[in-house]
Amino acid sequence: MRKLFNKILIANRGEIAVRLVRACHELGITAVAVYSEVDRSALHVLKADEAYAIGPPPAAESYLHIERILDAAKRSGAEAIHPGYGFLSENAAFARACRDAHVKFIGPSPESIELMGSKTRARQEMEKAKVPFVPGSSRGLASLDEARELAARFGYPVMLKAAAGGGGKGMRLVVNESELSSALETARSEAKRAFGDDEVYLEKAITNPRHVEMQILADEHGNCVYLGERECSIQRRHQKVLEESPSPALTPEMRRSMGETAVRAAKAAGYANAGTIEFLLDSSGNFYFLEMNTRLQVEHPVTELVTGLDLVHLQIRIAAGEQLPFAQEDLKLRGHAIECRVYAEDPENNFFPSPGRITSLNEPVGPGIRLDSGIYEGWNVPMEYDALLAKLVAYGKSREGTVGTLKRAVDEYVVGGVRTNLSLFRRILDDPDFVAGKTDTGYLGRLKFGGGEENGDDEQMAAVAAAIWSALNPANGKNQQVESFTSSPTSSAWKRTARTEALS
Amino acid sequence: MRKLFNKILIANRGEIAVRLVRACHELGITAVAVYSEVDRSALHVLKADEAYAIGPPPAAESYLHIERILDAAKRSGAEAIHPGYGFLSENAAFARACRDAHVKFIGPSPESIELMGSKTRARQEMEKAKVPFVPGSSRGLASLDEARELAARFGYPVMLKAAAGGGGKGMRLVVNESELSSALETARSEAKRAFGDDEVYLEKAITNPRHVEMQILADEHGNCVYLGERECSIQRRHQKVLEESPSPALTPEMRRSMGETAVRAAKAAGYANAGTIEFLLDSSGNFYFLEMNTRLQVEHPVTELVTGLDLVHLQIRIAAGEQLPFAQEDLKLRGHAIECRVYAEDPENNFFPSPGRITSLNEPVGPGIRLDSGIYEGWNVPMEYDALLAKLVAYGKSREGTVGTLKRAVDEYVVGGVRTNLSLFRRILDDPDFVAGKTDTGYLGRLKFGGGEENGDDEQMAAVAAAIWSALNPANGKNQQVESFTSSPTSSAWKRTARTEALS
Amino acid sequence: MTFYEVSVGGRNYKIEAERAPQAEGPQRATNQSDWKIRIDSREILVDCVPVGSQSLSLVVNGKSFEARIERSQDGVRVLIHGIPYECSVRDPRSLRSRKSAGQHESGEQKVTASMPGKVVRVLARAGDSIVAGQGILVIEAMKMQNEVRAPRDGTVKNLIVREGAAVNAGEVLAILD
Amino acid sequence: MTFYEVSVGGRNYKIEAERAPQAEGPQRATNQSDWKIRIDSREILVDCVPVGSQSLSLVVNGKSFEARIERSQDGVRVLIHGIPYECSVRDPRSLRSRKSAGQHESGEQKVTASMPGKVVRVLARAGDSIVAGQGILVIEAMKMQNEVRAPRDGTVKNLIVREGAAVNAGEVLAILD
């Protein structure tokens, strides 16, 4: 085997950095980790062959610090950098700085990143390539007549939106023509008040859409293929929670059509390496371009398991200048794969993040299970970064069998010391709508969740175990209890602090 | 999903019992474990929903004790029993006792087990079904002329064997005709001396054969398919150590021919459920029947990973009376899978068994890895049973990539407290002959192994770590050392004590 | 024999635990690991062995339970089939001590952090009068912010943490009077 | 500063270990976890932190090593990249004590079990004269049998285990005179 690179620096942390170290080792490549002060004993540092400190805990001073990362690349002699997801992975300036430093950025060119990062430029190029967008007026409505005409053309329901808008202000759902006139007036006056501009445009309303994305892979010689879709409708606060491939909503014809659209989009962007086109899918099977993610996705394992490919190996080969080793017709999806994102957060406390020490850990293994994990027993999950601990992925011949395997694995998974969202997955995997494949972006909002999982027999046995434990360890009985109020966050009190590292 | 059975009893222990418990849970079936006194806290007991003690540690008084196992089935209300491999899995009396007790035995009928368990009856039936055997006289040679004629027909080299024989006595390899006469005389006189019978027969000699086996699956309605082969040539003391699928030695045509032969053999035996036909494969691509294993094999995961099927799920479905859910033409092998059998044995001490407490454990996970394990940190590996701790399986698109993944995983795998044969796998996976797929049953005997793995840098760092550890834990410095001689077994001092539980 | 009062999810169990006497002979009916348990006046025989350092395996009437046990703020958290049961265990002595401790509580109330994080903003000052639900400070962890609010009307007697401080779960943030 | 003599696979390393002094300021060159190590007169800076309860992570000149450490019969076994290095560590004090212990050794030699197992046959009796390589007893573990043989000519002074006994690794089986 020709050595692709001798040494690759991994500009990331957590489970994805571990996964990238493994890929390097599998290809016989030396893996270089970087770490912030709080990550000195993180798993990716332990697994890597080399490790360089790059600054204090805040991401801006370490994992987002281009200069320090390139300095580590220089000191280590790394020939390439894999950015993972989040952090600098979609930062065109970083990709350009790598190019200037003669270090290969494992991903698309800075030009492709820039193009797809600009909503307006991306839309222009994508529309030229006949990539479908949600039908809309795209500029302000001149009159009620124009609105009427467009709405009739797109079909009701439609959505009125303030051109200057955001945050729901000046937005109105219109279910039929009789509502249109008054809705337009309200939207205009709301927009005027909120943004000082009463320009309003009209879009077809997609109710209960699914979020379906298409994985593509392009080499640097003009070849591009699609690797099938991922169904990512199950989201909370715009964060994906559970993904699967194939999507229960796609027929082979729809898959081909969406795949060919994605390849057209990638080619129009002059794209190389792995990328993902996100689509909205409506209940009639129409799909509309949302955005392109110009990097490896968190949920790439489900695609790997149904295609039998290793996307990171292929990313490295492509970056080394190799051609795609297969054509579209060589690719066949087999079976079904579902991923659960295991976060350190407390489902009984409104999914409050839960950093802290992992006091015990039992990771599920066995048939049909792949686990990409970034934690170990005794490690302290730092409070500075994303709460993703691991990705638990099940695969099998049928969706039904895969759900069974995943349930089994969720039940075996024990993480002590921090709270996790594992119980949410037990709830989802038992839910008849999920089992029937009926999910859309509103699914998680509708799901009744919170407690109620307890089993009477198990509860009695827990009480018995607690009593025997106390009998065996008499010191444990001396628990002091003081009346205290523990802050209990409410949904509205929470917000994402930054989009910089937001993952999808 | 229709419930196949409500409750299944698992008449086994170790990693396979854990794997079977998992399969039950994946199918929504209650899993009942049985355990000997020394296995009270074994992993299969912890994972099962129910558990029944069946006697003292010796297998004859517990895992081989038919009455006690059926008693546990009765007490628990189990509707079926899965025997796993080893122990009672190929015991026709047990299969019959299950039938009499109206508990479904998940496996073939007692009649099939009996037929394939008898070398002579199996040979008769198999030859009728045109299953190839190593060409031979099958009865005593009447004269030198007959020997000459047969040898000329089969082609040299040939083997002379004492009809009453065993253990190499009365056996002679004959490379060409000039040696035949004197070899026959010697063989006869040796046979006479050793067994009181000078009858000698002649077989074609297969030099450096591969051991290749074919997985079949038959339902109880007469349908039977083959699921591809497993290459099992890497053996030590007739115990398999590493298996893979597909075999590097088989072309698609050979696979089809071997598969169709295996299906003929199974049909001739009236076979139902999962079974395996073992073949010898010579260097010209001819294959010869060795025996049929009428149970699930240890190495079944490699077949699962290249076919995308779950054999245990299918076994349970077949036992519940379902038809095979696919036909031969629906089955396609994809990618490559390799399994390492991780034993508690000391490779630096002639593979001496190494029971004891697992003081630390780091199990590899991540892309391309499946681990079927029967151990956990803190558990005491008992001395009473087989030394198989876990099966580490890698899969990937190509054999080369799979070897890379497996190496990565072997390097991550840490088992403290007992010695394991992990270092043997590091040696094999780096061996140019193995990488080239050049393995036969003599492979492991030829492999130079033992020490020499150490790396100078790592050794220095180990010394530094030991010094810092001592500085941090001053109590550790007080190691008493007394002059003592530790018994060091030699190969000849060892022998298998029983074939009852021998695995393949 | 020892008595315990174990409360799980609002339910109280009265439990008596006692090691079962050893029977003699090879076909013994009870193991070294057997416990006689009386729970709410029902008696059961529990075969209980430790598993590693943090679990118990219980076999009761053929049913197998693995119980992972970890300390929690209020007692022990017992995981069975992956589901956590928060148990507070009181033996007669600790029950007494708890009662006496409770009597010394004045009108003060501690506001504690439910999870580790960093104080990014302090919204109230010592001496401020505040109403129930009013924000006292904002904690950030893992890119999420949480406003810690007053549980009742009162006065901020003491603000114990300051901006930029890292706090642990259970740490007292402020005291209301 | 502490001196150690560490022997690994027949090679001896003389090691001096000392915590590095802390530098001041935010851009500090050394960490709390840094050690100044002199090994065979070469000096290196080792950043060493504990990982869980049984490992150390060492970063030296950008190279990362995870060292799993477990007690072994003769000292500690250090696993790096999955490969075990048997280390016997002597600081000056234990070196002395070892020497004095060694001096008390008489002509006796203990025969110990290399692995746990069960004694299935005893081949020699106390008082027997035996020659090097002669079998003393047979141990069985995991379906394999091993004949324990005399390391040298001599007399069986004491047979400590009997048939049916379970023995642990390192346990003394017999004493030769």
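Order as written gives the chain letters A, B, C and D; numbering starts at 1 within each chain.
FYI, a residue touches a chain if its C-beta (ideal position, glycine included) is under 8 Å from a C-beta of that chain, and two chains touch if they have at least 3 such contacts.
Only a predicted model underlies this, so the values are computations on that prediction, with no experimental measurement involved.
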Length of the shortest touching-chain route, chain C through to chain D: 2
Taking each chain's C-alpha mean as its centre, the one farthest from chain D: A
Length of the line joining the C-alpha centres of chain A and chain D, rounded to whole Å: 48
Cα-centroid distance, chain A relative to chain B, in whole angstrom: 41
Separation of mean Cα positions, chain C and chain A [Å, integer]: 34
Of all residues in chain D, the ones touching two or more other chains: 50, 63
Junction residues of chain A - those touching two or more other chains: 47, 362, 376, 411-412
Complex contacts: residues of chain B adjacent to chain C: 32-33, 40-41, 45-52, 56, 75-76, 376-379
Of chain A, residues touching chain B in the complex: 1, 18-19, 22-23, 25-28, 47, 301, 304, 308-310, 312-313, 332, 334-335, 362-363, 365-373, 376, 396-397, 400-401, 404-405, 407-408, 411-412
Contact footprint of chain C on chain A as seen in their complex: 344-346, 349, 352-356, 359-360, 362, 383-387, 410-414, 416-417, 422-423, 426, 453-455, 457-472, 476-489, 493-498, 501
Partner chain B, residues of chain D touching it in the complex: 2, 4, 6, 8-9, 11, 13, 15, 17, 35, 37, 39, 44, 46, 48, 50, 54, 56, 58, 60, 63, 65, 67-71, 73-76, 78-83, 85, 87-91, 93-94, 97-98, 101-102, 105, 109-118, 139-149, 151, 166, 169-170, 172-173
Of all residues in chain C, those that touch chain B in their complex: 26, 31, 33, 47, 49-53, 55, 57, 59, 62-64, 66
